[in-house]
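Just so it is clear, A, B, C, D and E label the chains in written order, and each chain counts residues from 1 on its own.
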Amino acid sequence: MQELINRAKELLADGTVARVLGWKGGDLPYNPEPAYFETAEELADFVYNSFCGANLSKYMIEASKLEGKTMVCLKPCDTYSFNQLIKEHRVDREKAYIVGVGCKGKLDIEKIKKKGVKGIESIEGAEITDEADTLKIQTIYGEKSCAYADAMLERCHVCKGKEHMVYDELIGDSKETKDADRFDEVARIEAMSPEEKFAFFQKELSKCIRCNACRNACPACSCRKCVFDSTKFDSSQKANVDSFEEKMFHIIRAFHVAGRCTDCGECSRVCPQGIPLHLFNRKFIKDIDGLYGEYQAGADTTSKAPLTNYTFEDAEPSIVGKRG
Amino acid sequence: MQRIGVFVCHCGSNIAATVDVSKVAEMALMEPGVVHAEDYQYMCSEAGQAKIAAAIQEKNLTGMVVCSCSPRMHEATFRKAAERAGLNPYMVEIANIREHCSWIHKDVEEATKKAVILMRAAIAKVNLNAPLQPGESRVTKRALVIGGGIAGIQTAIDIADAGYEVDIVEKTPSIGGRMSQLDKTFPTLDCSACILTPKMVEASAHEKINIYTYSEVEKVSGFVGDFTVDIRKKARSVDMDKCTGCGVCQEKCPSKKAPSEFNRGLNTRSAIYTPFAQAIPNVPVIDREACIKFKTGKCGLCAKVCQAGAVDYEQKDEIVTEKYGAIVVATGFDTIKLDQYDEYAYSQSKDVITSLELERVMNAAGPTHGHLERLSDGKAPKEIVFIQCVGSRCSDDRGKPYCSKICCMYTAKHAMLIRDKYPDVNVTVFYIDVRTPGKNFDEFYRRAVEQYGVNYIKGQVGKVIPQPNGKLLVQGSDLLDNKQILKEADMVVLATAIEPNPDVRKIATMLTASIDTNNFLTEAHAKLRPVESPTAGIFLSGVCQGPKDIPETVAQAGAAAVKAIGLLAKDKLLTNPCTAQSDILLCNGCSTCENVCPYGAITYEDKEVNDHGIRETRRIAVVNSALCQGCGACTVACPSGAMDLQGFSNRQIIAEVDAICR
Amino acid sequence: MSLEKKEFKPKIVAFCCNWCSYAGADLAGSSRLTYPADVKIIRVPCSCRVNPMFILRAFEKGADGVIMCGCHPGDCHYSTGNFYARRRMTLLFSMLDYIGVENGRTRVEWVSAAEGVKFSETMNSFVEKIYSLGENVRLGDLRCKS
Amino acid sequence: MYKIAKENLSALFRLIAETRELYLPVKTAGQTNYAAWSEDAEVDLDTLKTVKSAKDAFFPQSEGLYTVKKEGKKMSVEPEGLKEQDFVVFGMKACDVKGLEVLDNVFLSDPVDTFYAARREHGTVVAMACHEPEETCFCKVFGVDAAEPKSDVAVWTAGEDLYWKALSEKGEALTEAVKELFTDADEAAVEAEKEAIHKILEKLPYMNLSLEGWNGDALSEKFDSPIWEELYKPCLACGTCTFVCPTCQCYDIKDYSAGDTVSRYRCWDSCMYSDFTMMAHGNNRTSQMQRFRQRFMHKLVYYPANNDGMYSCVGCGRCVEKCPQALNIVKVIKAFQNQGGEQ
Amino acid sequence: MSSEKKQAELIKEISGVNPLKCMKCGKCSASCPSYNEMDIKPHQFVSYVINEDIESLVNSKSLWKCLSCFACVERCPRDVKPGKLIDAARQIVVRQKGQNYLLADEIPELLDPELPQQLLVSAFRRYRR
């Protein structure tokens, strides 16, 4: 982390960048927030630890409009999103000085709390330099511990790899965290009967409060005005009056990002109701991989997206019924 | 709020017999925005249109719905009527209560209910319609004819005679097409070459006609009035300007093993060749596959003997790009492959031939110099069997479901010519039906039976079995005598089904012209617009549209020419205003729409926007409405809904959905 | 609950492209090839104009089945429209299947202008399928079920 | 004071549900929210904070106002009925109960919101003391005592028992209806529980947050502060904070057309949304900074200015827990504290 | 429904053939190796079914003269397949004898010098379950 701060100070000092986009320490052991730093003094608050899960690439849409370059700290998975935004002309590569930061898996405070940990005072083992496999958590109700892997965000268990897709320089080491197959959960649902599938999604989506956190955090949902906010489609918005509306919202949202979603996992991370929203996006990714050839959005900035592409021999929609 | 008029057509009894039209009109008045509704016997009639005009003026209508036949039939009629009465034509919508309702439903109550729903959907749409103004586009005064057979030649001559430039693109080294391969033509028995050659000469000599032989259409872009076409001139290896057509090269060419395409592979030709003696242009091409020089690098004899120095081994394919206002497709036909018809022993015996091969056999310039002989042993046949409908009228996938139309007549012609020239030869025709609609056609067929004694047997042949003695055992049935027939023949001629030229698929795709399940190009209307493709500016000539004989082909060629001339005669065309438009406040500039636009109609510009007080420069999609054809691919690709299609907007379609599901 | 069972009359929306399938439907009409009146056709310029939103909208408002018809792949009037439509619908239908909506409720068929017979056969079989599936209860806004 | 063994709670719920609708924390797909009780509902009283507050029970996320029916060109209007059925909300925490006071000030003052008023009239709140408060709690800052919930009935958990004390007439009525399941109890165990809670509260990091300088008078200096420009930056403009908040009371009114009927309903709105207070000419808050500022100015300045100094934050800490980017009202209050001297 | 009509419908159902597709070309009869043995010719099977005269078909010699070689099925250009029709007619007879399906054990009982071997083999293939 110190290395990052030092480098940021250098870049600010030599005028390479006008500001730094990273994380600022919070007032609890686990709530750092995305922040801009413009001076060396401000960088005193800079942190980079295992709770810095936020994907900063989407902030670069606004930062691209500012005067001068912005140094942005991107984790390996964030760089896919950044590439995708370049491809869609939403960010300006020239306005970004990308520091690819190391990652050893990001933590989900919700998972820690779900283990019954309350009244947290401090957490040990969450610094990026820590090698510990176990988190030591001091609470007002006594000391607790939790395996690091058990507290990781879902996305880190199916990590796409610790390689940065786009960067100007790399700082910090990474640790492989993948220990599950990305499509296992999707396949598990696919294997269910229609009744079970319906019950599963009905239950999950019944929690949705239409807060739009998933959409607003999503780097692929970069529309200036979402169709669900515009009058053009006469589409429902912000109300959850009927259970159909959430289905419509989540299906259409997933469809709109199909072939563009890098599977960064922000939607599931930010959902206040813990809905596994990535299961929608990942279903499309699995289908696209299976039907049109493997495709990783954000792996590059030039390839044709699956939904703006075709071959004569593409599968017919009737394949859906035939796969059984 | 719109002021909408609803006009319900009885279409005589076509609609009124199954739909309670007055009920529909009555229900219309319940709908929001509807201020006028009436029903009338024939809305498309002059009186009907007058009623529409009166209502528009008296009730100050801002929109109207006509419940009638398909919009593909009369949308244009009603839009024009509205325009004459002062209403923007794009404020008219049609509810199709005939093809989609009265004609397919029997129960009056049910059909009326459906008609009301279809009407509601149209009203819901009109409520959201906005007046549209068509744009204008220019017309390039030049036509392209694809295919240089009799259809293409005739079309080209007719267009050129009207004073417009025409290019013919022909894939083979010479124009002339299938007709040049025929010996005689029915029902007059003229020599095919005698009537075709003058046409070929006329075309090549015409100052307005430019012929690209040994060339293919490579790419087509643009739209009606303004097509841009890339033509690949394949390397001929002979300089067209220098060659005198003396023919020495062909004589001297040592490679003479290539099967002659012109003679249907019944004999061979040299590697440097003109397909036939009357070829136009009379300039040979080198078949690089067969040429020793190209295969081994040695030889070069033709260059040596050519006094004009026309042979050029270095010649390369050349791409010519040209602009056209109209394109006529005249790609013609071929016979189907017979490899799935083992029962007729076509691939087992040289003496089983197709009718087109028989044309070459009977032709003086053919492989047997016009002598009727067996191709296996050169002996004169004594017993010839013709089998009709080989692959035609076949509902399995071995053949074609349609009637090839020309076989009955040419078989009668063949039988008659053989009996005339070789009276000792017995000719038997196995037929299913004999179809002879056409001027002097049945008389012609009857002459074959009555005057020439051709033996017509009603019944199909089950199999042809080559015998050890070289004869062919034909097992057929005679349905009228109810007996099975076994007949030894010396020669069997198969009236093979015809199919559109296989290249037509590729061409249709380039032209975005639609094609039916049999690969025939679809006409805009089966009866009323038989020579136009549904794609504007594309016309159809000859067999590419459906099986035809020569007189019909020539007639259609002329008709296609007239349609093309009608288009070329215009200075400007009105363009369809139903094009895509991007909302600058919603556009992300993400380029997704550009990626799916087949016309390259979308570009991006940095534009200053004022988004409710936020002023900034944004990358915005801009649609070129002259290029946009209104498919709508971009509207769905656009995640923010910034792209919308005028005339079929998101809200309009949603309104229709809502009205139907209500 | 009342014991009286209302006869099930499905609402079926068919999106037909102007150039092939709508003309195919016209041909079915002029050939007097019947199919149930439950089918209502919406004309769109091309199958690629059909937004997944339209399909979900139809279900929202109470449709029991939605079918989309376009030109055969390769025969699109706009060259490529149905290729995009094919991918879009494949993915959408797969997603609907994934969330537990019976996949027989959605269908894509390619019907050319010459295939009046196919159009009517397609509609007959689709309607039959919808009858066998019964009312659509998994997608749809309760406010529209009166 | 009565008590009932925790293991008998389901009998209690069943009995309440016989005569009244019962809402209480129910776990669905891993998350606990208030929902109607049913035999197979997974009641979860252990989770301190439901994701959404209990505000739903009185001010639902969406509720119908009236329906317009169309017949031909005639229209008829049918207003939505008011709540007539008595109901019980069981397990609300002291902060959420205080949240109702905030809503009351808005909805029960003139013009009275009849939908809300009817729900308040028919609703009985059984509030529960917070057994184990968490680090995100700061209710004390707003004068809430987590150990002493003020409502119709207060309940405490201690050991294997739940202690029950009616505090109002409605509470008495409810107690009467279910008394058969209770045994009498003295207050000793409850007092011990209260003391234990108070001890824990002392240790919580936010409990001594100072609200100095946050009052109605400081309006323009707070409004014009440059701090907002820094604070809002990470905000995603989602509505999480407003939708989990027990006091946010903004709503939007919308129409839904189902063909021949159009229903008008209201639904929660969020000041974080770009179309919040959208009008024909556009939006009077054009930037996210302005929208972000609105939320906190409302909670900490405008509301107290109009309600005798009562803040419209109750310190429940849900926004602290749920903000995707870890922004929250505490950070806002602290940011101004740190810069306090400069103004 | 009259019993004749029922029988005709049954034949259509068993064979899966739509006799109305026949265009009376006679290729079936032209292909048939048993033609001369038959009293009703293959192309006529179709008309008998269309005319609902199943009685005659069932009592014809042809019923047992058809070898089930399926040459007509292979070559029929209209997908009418007279061989399948006659096969269906045979099945009706078999069913009338109370035998829905054939078991290997039952074959010897059915053996009849009149019956071509090929028929038995093909029937066994077809009706065995």
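The rule we apply is simple: contacts are C-beta pairs under 8 Å (C-beta built on N, C-alpha and C of every residue); 3 or more make two chains touch, one makes a residue touch a chain.
Note that this is a predicted model, so its numbers are computed, not measured.
The set of chains touching chain C and also touching chain E is given as B.
Distance from the centre of chain C peaks at D, each centre being the average of the chain's Cα atoms. Comparing each chain's Cα centroid with the centroid of every protein Cα atom identifies chain C as the most central. For chain B, the chain with the farthest CA centroid is D. C-beta contact counts were set side by side for B-E and A-D; A-D has more.
Chain A and chain E, compared by their mean Cα positions, are separated by 68 Å.
With centres taken as mean Cα positions, chain C sits 36 Å from chain A.
Mean C-alpha positions place chain A and chain B at a centre distance of 53 Å. Rounded to whole angstrom units, the spacing between the C-alpha centres of chain C and chain D is 45. Residue positions 225, 227, 233, 241, 307-309 of chain A each touch two or more of the other chains. Under the contact definition stated at the top, the residues of chain B that touch 2 or more other chains are 596, 637, 650, 654, 658, 661-662. Among all residues of chain C, those that touch two or more other chains are 52-53, 61, 74, 80, 84, 88, 141, 143-144.
Under the contact rule defined at the top, the touching pairs of chains are A-B, A-C, A-D, B-C, B-D, B-E, C-D.
Of all residues in chain B, those touching chain E in their complex are 343, 389, 393-396, 398-399, 432-433, 458-463, 475-479, 482, 484-485. Of all the residues in chain C, the ones that touch chain D in their complex are 61, 141, 143-144, 146.
Those residues of chain A that touch chain D in the complex are listed here as 26-28, 31-36, 54, 59, 114, 118-121, 139-141, 203-204, 206-207, 209-213, 215-217, 225, 229, 236-241, 269-270, 272-275. Residue ranges of chain B in contact with chain C, taken from their complex: 70-73, 96, 98-101, 103-107, 110-111, 113-114, 117-118, 121, 505, 508-509, 512, 514-517, 522, 534-535, 578, 596, 598, 629-633, 635-637, 645, 648, 650, 653-654, 656-658, 660-662.
For chain E in complex with chain B, the touching residues are 21, 23-32, 35-36, 41, 43, 71, 75-79.
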